[in-house]
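In what follows, a structure is listed as structure tokens, so that the remarks can point back to it.
As written, the chain order gives the labels A, B, C and D, with residue 1 at the start of each chain.
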């Protein structure tokens, strides 16, 4: 009798006798949480049994600030949201405001916006690839990616005078036309970059260790991904072919030809492949933008004081991280009544728990990397 | 009187070897930084001396002068002993390595076995460091490291059995002599592959650098260490690389024996081979990502273990039938 | 991984309906057929199709949500955004806003519920799991509480913050806990 | 010269063993045991049994003790330190110790086991004790050797089965 009992007890307890669950704090200064993210992990051995994210370390009340300054004044604040891809944030804001006003933007401005937005996508994906690879231990890719990202930042500097928080666009178009040097350098970069992507892929894509570390890790099905409101490469990695650039085109995207890559399994590896392919497609878009770039003004007539009609709009664009939108409520005054930033990182990070449960600690690092978050926009 | 003279000679030899090894180990860090830097299209250290040649010395001075922090909740005695426990075995192993036909500290009957035994002690320092730091990252790092080093010691040991069967001795000198005609790496390619992979794991190098996986465990077992104690771990890592590379040279690449028609002294050959193997170590670090813990174990037990067993069996069969 | 390029340009389904009936008329009818009297208002900014807005009765929100998510002619499976706005002058000052997206019809819809101060809004986490963090954020920044939320804690601000910064009566200067009496400044650069 | 080293190692063993039994902290005790093992390996070397010394270090110090430490580290050592260290068994322990001492005295007084005296190999004077050990193991003691390995295999399989049962279902 007693023996039966004791043996069943052994079988029921999944934890070894005498061991306790370990609670580990990753962050906010942990090297692989990509900013001031704090992840609290409960571990059984090395298996994750619970996960909670502590965010908000970078909360600056950007939405509240937006309600108290004019539409134009808010543009630099958007730089500080997704600071890895600042022009994308700028673009989301100006397109949302322009939708509120109903302005017609000149074609040249549209093309330059698309061009710069794709550069920002490349810069963001490069940073992602660099840190993601470093998280999994591939050190060389990190430095190679930064070499190319440096070129992109130099391009931003040529065009807008700043490297990170570029403040690229204005309501109604651009502040001024980009210099010819920018276009020449862009062409140079677009010709050179696909080869460099090949270099990264040589080191990673078919690497057995890389495959073992990423394949079948952090799997999420398409239905679950949609249910969790995941967007961007994370959603596409699960096989949902949805890209706002294609579904609800803005800027010059209706006239540009590109492929929306999707994955099949929704694991870390597929997200990696999707982003790599997106970089290739971005290069294609850049080539097309440069080839088709029309002449003409870069800004429509913008009144001195900007007062939109009362009403509400929601407009989102395809940020490198996912759907980046603004929900604007206007009461007809010079300042917005309500500014809501729809943050892709925040929402995607909300799905982290689902992705990491049952995995190993080492996988948590890979999974956070594959979600590609930027805390500036997550915490706002 | 004779004993005293012997002792003096031995001490001089030890001093020479220790000095050279320490210097080489220090410059190994420089070499690693330079090689990786050039693979990654940057320059590496350039400021201290010509092309940064004095960088290791500057680093050493910096580490000496740094504040030596012992965490408040740490087990102080164990915390202090741990780095010594890592470094000492790494250096003791040099005592049986033959650097040329005439230059070695001592010849032991059980040469290679001695190296294996002493290197198995290195894991203590790591475990002690991880436990004494009283930090979760350190503890996890140390646990991983202990499991990893224990398992891979087995493959490391078994992979050496093949060449030892061919040499018929554990004595390092005799093993080298046995390779006068053909290096064992040609007879024992399987054993060499397993040995090299196990050596990577034993020295906690990429792709098996889990114990100090920065992105998961901050810095693994030496998270809480600073100053000279940290330097000890660092030196021990490179000293271990040197030892395992030396073992590889001795057992698989004919030690100090070179190609007969190129007249070079034995220790030059030795250094060349050693350098080549160390270069591969560093090259791998720049190329490969990191294995996951369970994958590492699976690789060991499901791939390397059968392989090394098959190798021993084959070697025995061939030796029985043809030699 | 990538397959052949999709066709450029607009997909069907969003544009043509806008001219005659206000956008989302079909969705309103769809919901009314199932749950009569749950749609209180209907509007769209400048009659734009993707700005169609339905104001839903507070208690009916989860049912309407599930219906819109599952019905074949709606299929709003993605909760693209969830937020709120504060209108202190109104009787029901808290507007909680849901932005839905339908992959099948490439279409957007905005749902809105209006809540009294202190009134609990039914949580939609059971309908769209992604609402979890977004509802926490609304709770954090507006103080709107959600009924049936599995884990309603503050998310961006510290646990002990004590007030809700995105409310309109939250002071712009000083610490938020202080009662602020000055009217909101409206003019800049004049 | 050898005598000096012998007493050095012997003193080390005694000291380390004393440390091991007196330390309240289990980790300290385990580390003292490692120290004792190392000194023992030194004694083996003095006796000319280098191979045994290597095995002593490799298996006992480098293998088994690491596993001990491994499992001790997973437990909460802080609790053990605060526990009572005396179990009122000192009388029993004293009796056992005296018995052991008496046995050692008798055996050593007779000049060791007769079988050991009749040993044909003189350790330390052999051409190489690895070869000696190998020959003995595979000729004279082949059967006990095989029995031991089968026993170990059974133990290993048993351990795997025990561990496996918790993982599945």
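The rule is short, and it goes like this: a residue touches a chain if its C-beta (ideal position, glycine included) is under 8 Å from a C-beta of that chain, and two chains touch if they have at least 3 such contacts.
Treat the numbers as computed from the prediction; the structure is a model and nothing was measured.
Using the mean of the Cα atoms as each chain's centre, the chain most removed from subunit A is D. By number of C-beta pairs in contact, chains A-C lead all other pairings.
Per-chain Cα centroids separate subunit A from subunit C by 23 Å.
Subunit C and subunit D have Cα centroids lying 72 Å from one another.
Averaged C-alpha coordinates give centres for subunit A and subunit D that are 59 Å from one another.
Centre-to-centre separation of subunit A and subunit B, using mean CA positions: 42 Å. Contact of a single residue of subunit A with at least two other chains is seen at no position. By the touch rule above, subunit A contacts subunit C in their complex via residues 55-56, 59, 61, 63-64, 68-70, 73, 99-100, 102, 224, 226-231, 240-242, 246-249, 254-263, 270, 273-274, 277, 281, 309, 311-314, 316, 323, 325, 327, 329, 333-335, 337-338, 340, 342, 346-347, 349-351, 354, 379-380. Taken together, the subunit D residues at the contact with subunit B in this complex read 1, 25, 27-28, 31, 34, 50-51, 53-55, 57-58, 61-63, 65-67, 69-70, 73-74, 128-130.
Note for the complex: subunit A touches subunit B at residues 22, 24, 30-32, 46, 133-140, 143-144, 147, 203-204, 207, 209-210, 212-213, 360-365. Considering their complex, residues 1-6, 8-11, 45-46, 48, 50-51, 53, 77-81, 83, 85-86, 97, 99, 103, 106, 108, 110, 128-134, 137, 141, 155-158, 165-166, 170, 172, 184-188 of subunit C touch subunit A. Contacts from subunit B toward subunit D in the complex involve residues 3, 75, 77-78, 81, 108-110, 113-114, 116-118, 120-121, 123-124, 127-128, 130-131, 139, 142-143, 146-147, 150, 153, 169-171.
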